[in-house]
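These are the structures in question, set out in turn.
What follows is chain A paired twice: with chain B in the first complex and chain C in the second.
Moving on to the complex of A and B:
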């Protein structure tokens, strides 16, 4: 599984949504499944899957699928 | 006992002319003097309606300056208030209106008259707080002004609230814990702030640092979020103490927060309470947090705790009973029940506790089948009834944040179907399971313990 697939799978697992829901445009607090509690689960899932420890600011900034990818790139996760 | 003194404002009477900031939100701040003036004006305005002396009103209390003015105005008029959370839906509001027949409904400073008849009112009843979340009908806890003030004073006897303190309210004021934070700060002449930002917004933490905020208060889910946000890595030099109540926070999380407090010279208060006791009943001395992260400590100043057990002589284990001036008048489900209350001297909390040699208390179980899901009380028996019908028998077990609905194997698809169409709780907090046959106790009652071990082991 490449990192893009891992990212999608992490969202699917943490938010309990269908894979096709996980698009770049999907944003925090715009669907019922991605509320603050689910956000915590998501952060744990991403940290686990990519073996990183995110900073407070990065956790807060992770407001969309696109942002999640951009932030993870800062932690040397390659989505090329 | 008539409390209504003309022009008396509860909590802030002694410092009502102070220029110190009482309240602020994301846009503005008001001093105690300005707050008092708002209250006097609003009182004049509301007195122009032909409402009875002891009106009952339904107040939608937001976390806003306007709502605090509404609340203190109604208190100073000696009205009886049913406090409603702004997120409460129309149907529940209508149920409350039918049950309590309010003289007026109030929201954001606007009073709408419903009727002008005086209902028979107990002399002491002042505030009605809901005990149920989205799953229950509206049984309310009835509190007196004496309850409110006594509990706030007890809390001030152990929490280091200072006159110059600023706190940020992160809990709704319709919730007893949130209300107690407001009360203690008002009495002390300290400052309470409201913000639309959540802990997931940068602006929240910017406010915490720049104001600066001296204390935080929250329920377990709040601290779980803070830990996830690396709260323990944040430099917050002005934060002196933080408090947790409203359910059990895991000992690991208590330890993490206790260690943070110790290393950064702050105090972490783990506390215990119920709306039935206005808010607070016990707290753990902050220096014991790392040694006893699963303890709720001892009774608050002015309160007494007894552990009562039917089958042993021991007073060191049993149901936790609390006695103090903050014990509620009683429950009320409708207008007629407000006519008079016969308060119990000792509150039976429904929690089973044990006491160690130092006198510190540990909650070890519950007598009532009530758990908390996402901070709201859920009655497992009520859930069973909701999901069961003539063709489908459902039993329910649970621990905090997890409800398991159980049926017999062949009925599992029917239960799952019902769960998707009639869900009362967030899907992540509910799961369905099935057993081959129902386990029973010798007395013929369902054996919930065995049921729990059957279904929880499988997961």
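Moving on to the complex of A and C:
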């Protein structure tokens, strides 16, 4: 599985949404499944899947799927 | 730009400033501009607010001349300044039996700004990293159906600073000794975060550990607690006793109290090393004479008014609390932080018992 697939799978697992819901444009707090509680589950899932330690700024900045990818790229996760 | 855009850009700029670094005059100028926009917004979108406060507010209106709303009104009315469709969360405060809870309606913007402000403030004390977190509460605290009680909301706010979140209590509020022991074993040699509401920490952690003759070893833990001393005052527990006992039963020496209201989540007043509560860049505190609501002098006890730049979806940027406090000075606290600093003495007499930690009714406490 490439990192893009892993990212989508992490969102699916953490938020309990269908894979096709997970697009770059999907934003925090715009669907019931991605609320502040689910957000912390998502953070833990991303940390496990990509073996990174996200800080509090990352949590605040992770406002969309696109931002999640940008933040993970800071930790040398490659989405090429 | 529209008013909403003006507000967002003024607030974002404020959030980019150091939390405790602006000079008081600069901070007041910036806050006045934000409050003038908020007054305009709430006047236009909340008829109750408009009917109560017809006076003009400009960016030259001093903070002490802004309208203020009694905190009680949030219990009596559903006050909001955004369309129903925009409400993403409803925060309920103090919903114990016999008490009417406050209802605070949050839209996506206000909710996001609350998190952002809270993170900025706590980073001053914790840094940016997240620590293993022991929560002095039960996992059952989370409410259902999108309504969030104040205790759950507080825990959720602080949970951003944690990882491997461990709840220290069972659903019946007894100690979850297995979970606690495992947490202590795993993390006793590294910094950890402990959070709970003041009364919960005292009654269900410190006292419970003593009763069960259990001591913990968490020398690198930093405990944050909030929610008030109301019940503890009735039990004659002082801040000093609270800290001593935490050290004795859990080995925790770093203890930080903070003051904040469910009606103004994100604007928290942290206690410094000198025992003073400090207003962050996004908030201010005013103390008023409880009889005529005139301004109290520095050093004089009175009724606390809290102002926060964050409330956009509900008209709660300026609230008269039912708590008693004293302002001790501005910008010259020995800890070095700028801004107004104060202490809280407790609730006004004859005010119903409320506060986050009071949402757990405790039959044995005699309060």
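One rule holds in what follows: the second predicted complex is superposed on the first by the 80 of 80 C-alpha atoms of A that agree within 3 Å, B and C clash if a C-alpha of one lies under 4 Å from a C-alpha of the other, contacts with A are read in each partner's own complex, and residues count from 1 in each chain.
Operating definition for what follows: a residue touches a chain if its C-beta (ideal position, glycine included) is under 8 Å from a C-beta of that chain, and two chains touch if they have at least 3 such contacts.
None of these values were measured; they are calculated from a predicted model.
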item	value
Touching partner for A:60 - first (chain B), second (chain C), both, neither	both
Chain B versus chain C as contact partner of A:52, first or second or both or neither	neither
Chain B versus chain C as contact partner of A:30, first or second or both or neither	second
First (chain B), second (chain C), both or neither touched by A:70	neither
Contacts of A:13 with chain B and chain C, given as first, second, both or neither	neither
Which superposed partner A:44 touches (first chain B, second chain C, both, neither)	both
Which superposed partner A:22 touches (first chain B, second chain C, both, neither)	neither
On chain A, positions contacted by chain B and by chain C	28, 36-37, 40, 44, 55-57, 59-60
Residues of chain A that touch chain C when the two form their complex	28-30, 35-37, 40, 44, 47, 53-57, 59-60, 63
Touch list for chain C against partner chain A, complex	88-89, 108, 111-112, 115-116, 119, 122-123, 128-130, 142, 156, 159-161, 163, 165
Partner chain A, residues of chain B touching it in the complex	198-202, 205, 221, 224-225, 228-231, 233-234, 374, 426-428
Contact footprint of chain B on chain A as seen in their complex	16, 28, 36-41, 43-44, 55-57, 59-61
